[in-house]
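You will see two complexes here that share chain A, one where it goes with chain B and one where it goes with chain C.
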Partner chain A sequence: MSILTLSGNGRPHKRPLWLYYDAIWGYVFIVPFLLVAAVFLIFPIAYSFYLSFRETWLYSNWFDQFADMRYVGFRNYVDLLRNPQFWWALVATFVYALLVIPTSIAASLALALFLNTRLPGYRALRSAFFLPHVFDVFVVGIIWLLLYNPQIGPFAEFFRWLGVEWFKKHGFVDNPYTILPSIAFAMVLKGMGFGMILFLTALNNIPDSIFEAAEIDGANARQKLFYVTIPLLRPMILFMSVTGLVGVLNAFAEFYAMTKATGGVAFQFLGATVQAARVSGFYLYQLFSDAFYGHAAAMSFILLLIGLVITWVNFRILGKEA
Partner chain B sequence: MANFANSTLATTRAYGRPMPKAWRYALSYAVLLPLLLLVHLPLLWMIITAFKAPGYGTKLEFIPRAGEAMYTLENFRQVFFDKDFPFYRFAWNSLVVATGCAVVTVAICTMAGYAFAKKRFPGRDLLFAGLITIMLVPGIIFMVPQYRLVLKFGWINTYLGMILPHTANIFGLFLLRQHIRGLPDSLLEAARVDGASEIGTFFRIVVPLSVPVMITLFLLTFVGQWSNFLWQLIVNTPDSPHLTLPVGLSLFQGQYQTEWEKMMAGACFSILPIAVLFTVAQRFFIQGLTAGSVKE
Partner chain C sequence: MLAKYACPKSAQGVVQQWRFIVLFAVAVCALSLAWADAESAREAKPVRLTLWQGFKFKEVSLLRENIAEFKTKWNAAHPDRPLEIIESQVPFFDMVQKLRSAALARQVPDIAFVDVNNMVQLIYGGVARPLDELPNFPAKSIDEFRARFVPGAFDSNVAVFKGKRHLYGIPAQTTTLALFYNKKRFREKAADLRAAGCDPERAPRDWDEFIRYAKVLTEPAKELYGFGMNGSFWFTMPFFNQYGAEFIRRDEKGNLRPAIPSPHALAALERKANFYLRDGIEAGAWRDGALDPDQGFKNNRYAMVLTGPWMIEDFRSAGLDFGVALIPRVPLGEAKRLGLVPPDATEDSPEAEKLTAGNVGGMNGVISTTCKDPDVALEFLLFFTSTPIQRRWAEEMGEIPVVLDAQKNLNLSRFPEVPTFIQQINTAKAFPAIPLANTFEPQIFNPEFSLVLQRRATPQQALERIARLLDERILKPVNEAEAIALKEFAEK
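And now, the complex of A and B:
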């Protein structure tokens, strides 16, 4: 049918007829996906940008706040940049990223190296280490809240048995000093099996002949690890760093669960009171749930820029490799 | 000579002479088994606590004394049919949302993946590159505008509001497109020569040959939406009839702070089905992750 309409309009065809036919069917097949993507992914980016220059106000129509926002220019961005809470959100995110990403990569790599041999039961072990990755983050966070409980949890008791009373008194997620490392520890344990699978795949792609050549040149196990294996795994390590950073910018449920929706204990930062574990994703949620939609949109846009910078750096580095 | 190719960390002595196999294995187990216990401590603790009688969940005791009723099934029954926090409803809602999202995602990603892989149309490569770029930005930035859209469409407290906004899965599109690109063109041409329609080619050639990847995407989406806490939290008001497991558990936690036995019984309803699903279908999970992560 489409052929008839196309050839009936009298235009000369330089390309074979079936190519037009093919193109039309190409559009037909992408339409459902593109429609959803346009409405829920592409439009939101533009709309976020628009919203970031507006804000709800005292007399906004309570039933349709989004339709009744005032233009405020760059006020939202300026507000954020002058707010210590915003800077603490970025610092906390950065600290959390430093705690969680290198540890995850090292732990995943070590696991992959242990399980890259024909150790009896290696298949079952790989699956067992991977399993927690598929569990609900929020629910796992609630379980960790019990494990970290200073009165009734096993970890505080374990440290007391070791002779460290500090956690019994101050808890793990109940003080500003250990809250981020404690959440990071829980998340590294949950995610290391996922990284392990990625590293196992990458290890599998390294030809055996490279190790044989190193062996013939007299390299010992440690030299092989540091001068052969790790350099060859560099693209995977970079990939995991970048996806890890984007993951940290997105982190929310684990913080919501392990701080009982508060963002953690309060402490002083740059002369303001901030919540110790209020990372960028949590801060964005808080702006949103307090109905500061304009500020939340501006925060989204700042996160978008950070995400794009990370991606750009990634492409630069990975591009150089290839 | 033969087995050094696979020997990496801690498997040979520093001067190159291979360690006896039994030692190597013993060393590996000595590291891996305690670590495995630590990794699964939350799972074990959840299950043990969920079976404990009220009051015992907060005690570090595990072996009941003679005549002591330390373990019970009561928590599961109470939580499942709780009047204010009915976990049977939460579980059903989670199942509907996760399944619905996975079905729609697989359908539209397979169709679009086929078009991007095998059809030639103006703007194809530019469009694909643009979509891939969106995949790399943090997803949380879509929260505010998507919420506004759902509000505008009147989809607050509905399944549709929870399902539809997350079905344009660009990772899934990428996965399917990579797979379909690997199918030989000659198969599609043969179908065309035999007079198959475009729809017929899609359903008789492309879909049957993509089933494993489609299952993988289905499972990854299912598990992802089963655990999608933030979105399900904001598109539901607390009195919504469509609360899902994590949101329900979060409200339950707000109400019964100290009843850890019941809270862990509630957690079991979220964790255990996924554990079973993974054990049954782990091949598909791992296949999808390795296919998606290895660039090239």
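And now, the complex of A and C:
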């Protein structure tokens, strides 16, 4: 038995079936995973796409909530695109991403470079910086809320000591201008320990011979950092950018904890009242918890699309050189 | 071809008759056996009720004692139907989400104690069962049954669904707000209070007096304030209720329409906002990142707060010397100007007493549509809301009894504050029971009121936007859905 294939010169030729046995066995071995993926991944994605064209209504029976949804065509998508709250959720997410991702990567890299120098007590310091990553984000959020408290928190007191009374009056998470940077700062400090571990691993994989060669060529510390270390860390930077983006698009718990589940202080955007920290993840949660499953499904597909585009751009910029 | 095997016509008829008789007898026997079997199985089978509750701390122990007591009583009276109650604690604010998920898996509990503000969702979702249709419902009508309960608490259980008015739950726990004041701070500032014409031995009685008290008690340099307030809708309801502001009305066609902005709603919102904006007596406790009113009161930073009976134990265990009073009234002059009282009303007239008003919170006991023994579940709810049980909840937990009978002759040596709450709850009004009302507070009212407090909008602008959003996001969808539903129900 044989299979007809095209040879390199385009002429058909017969290839014996036994050559395909390895591939067939390969597929046999991954069938269980494919089945699991089909049931728990592909089906939910396809089903939520189907749900994005339907919506619950007042009389949707809870015992049959999904079957009781009504077909609304593209109305969920149109509703979202016409809603200033949705646009603010995207803008807030974008601002938060700009605040968190580059800062997080820079802080993690700086920490990794600092703790890669075998300073006395470096192991203890590594553990200390990694520790916040282990804590639950709700716990961290509540602790930061106390730190940011304008009446009893140390940060407001510190700024007052510096002569800045503004935070004492307006707080950190209590006004639309500082709420996103305040949450971003807390989350960068929480997450940079994990980034540090990743960068330390990547740093240890760079052969010493490359640094030695750079030294022989007369490179100073700054040149070694910018022309040797950072270019060789590009795959890790790409990885952290992509995972950071996914994290930001799904960010919810820190906003829930640090705004006491409100979505933050209100302000006007495009003529509508929006809440400053109602990022896309939070908005999605609210749609879902209010049982607007159709809108929630439509929003997740819009976010998926945005995530794919940004990841593709990331790969185009960083991936080639990496 | 088969004719040779066939019987003669008459013989064939006899055989068919016999066959019919035999088959009929077998069927009757089988049915009788099956029925008898099912009957005996039902008789022998214990009644199993699942119960989800959102009580906290010590309340849970008392609830468990009540369950055990009911079981004992039930089993003694019904040895043929032994009762088992499987109780689970669910966080108060997560109850609706859990019920939604449980409904999809057909795992809804038989009884659930649900936040009063979420009742309508359960009714429209087909989860809550009409209780007035049960054979052991203990009154001739809903209104007759209502007379036993705190009106505000009871009303959140009554709804018109699919054109019919039913009772879908029984108040299980009720709460309201009252004014807590720090007696120690009042004593410390006694001389200044007297100089300002205030009596340091008691709480302020109307809002004008309240402002005078709070101004004396406010010392911004020391970060001490006369008042700490929560900016959410639930905590603003007493203001709207005492100013007689309505949010929703039905027009001549029966459609729901916003009843705001109105002079009454505006006066209520301005009154609350001005504590912070104009009078400077409020600490900014309404902000997300600030010290919340309860915590600030506990730390002696806020001299007065509006909070509920659930904080009594906490304040007491913190060693706080505090008193509880009715929420200050609308000042008589303002009330006359707004037409809330007749022009000849005096401070002591009965009309003036209605110028204080509370809000309604707490939990209702709901029986699910999937409950197999709703009669037993109703018996349990009736037991739980019986006078002796409600008296225990008041005397041991400091809670407001949901039944009026239980409010009489209480021994409240441990909780001397409860009578004030009882007086306040009897003035309380619930938010209209309409679908999607659960989104009104977090997504419509709170952000707009936050803008007012940040000086980014005036109360009038905020009310206009609240009215528009209320109409767009809640009332119009409800009107449309009701119109479609009525058409569909009529066709069916």
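By definition in this document, the second predicted complex is superposed on the first by the 266 of 322 C-alpha atoms of A that agree within 3 Å, B and C clash if a C-alpha of one lies under 4 Å from a C-alpha of the other, contacts with A are read in each partner's own complex, and residues count from 1 in each chain.
Following the convention adopted for this analysis, a contact is a pair of C-beta atoms (placed from the backbone, for glycine too) under 8 Å apart; a residue touches a chain by one contact, two chains touch by 3 or more.
Since the structure is predicted, the reported quantities are computational estimates derived from the model, not experimental observations.
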In the superposed model on chain A, is it clash or fit for chain B and chain C?
clash
Please indicate which partner A:Thr273 is in contact with in the superposed arrangement: first for chain B, second for chain C, both, or neither.
second
Classify the contacts of A:Ala297 with the two partner chains as first (chain B alone), second (chain C alone), both, or neither.
first
First (chain B), second (chain C), both or neither: which does A:Leu198 touch?
first
Check the residue A:Lys260 against both partner chains and state whether it touches chain B (first), chain C (second), both, or neither.
both
Check whether A:Leu51 is in contact with chain B, with chain C, with both or with neither, and answer first, second, both or neither.
first
More chain A residues touched by chain B or by chain C?
B
Give one of first, second, both or neither to describe whether A:Pro154 is in contact with chain B, with chain C, with both, or with none.
first
Does the superposition put A:Phe239 against chain B (first), chain C (second), both, or neither?
first
Between chain B (first) and chain C (second), which, if any, makes contact with A:Tyr27: first, second, both or neither?
first
For A:Phe86 in the superposed arrangement: first (chain B), second (chain C), both or neither?
neither
Among 44-52, 152-160 or 260-268, which stretch of chain B shows C-alpha clashes with chain C in the combined arrangement?
152-160
Mind sorting out which residues of chain A both chain B and chain C touch, each in its own complex?
66, 151-152, 260, 289
Under the stated contact criterion, what part of chain A meets chain B in this complex?
19, 22-30, 32-34, 36-37, 39-45, 47-48, 51, 66, 110-111, 113-120, 125, 127-132, 134-140, 142-144, 146-147, 151-152, 154, 157, 186, 189-190, 192-194, 197-198, 201-202, 205, 208, 211-212, 215, 218, 220-222, 224-225, 229, 235-236, 239, 246, 249-250, 252-253, 256-257, 260-261, 281, 284-285, 288-289, 293, 296-297, 300-301, 303-304, 306-308, 311, 318
Interfacial residue positions of chain A with respect to chain C in the complex
57-63, 65-66, 145, 148-152, 171-175, 258-260, 262-268, 273-275, 286, 289-291
The answer for chain B against chain A in the complex is residues 4-16, 24-25, 28-29, 31-32, 35-36, 38-43, 45-46, 49, 57-60, 107-109, 111-112, 114-116, 119-122, 124, 127, 131, 133-134, 136-149, 151-152, 164-168, 170, 173, 198, 202, 223, 226-227, 229-230, 234, 245-246, 249-250, 253-254, 260, 263-264, 267, 270-271, 274-275, 278-279, 282, 285-286, 289-290, 293-295
Looking at the complex, which residues from chain C come into contact with chain A?
97, 99-100, 103-104, 106, 108, 124-127, 223, 283-284, 287-291, 296, 301, 370, 435-436, 438-439, 442-443, 446-448, 450-451, 454, 456, 465, 477-478, 481-482, 484-485
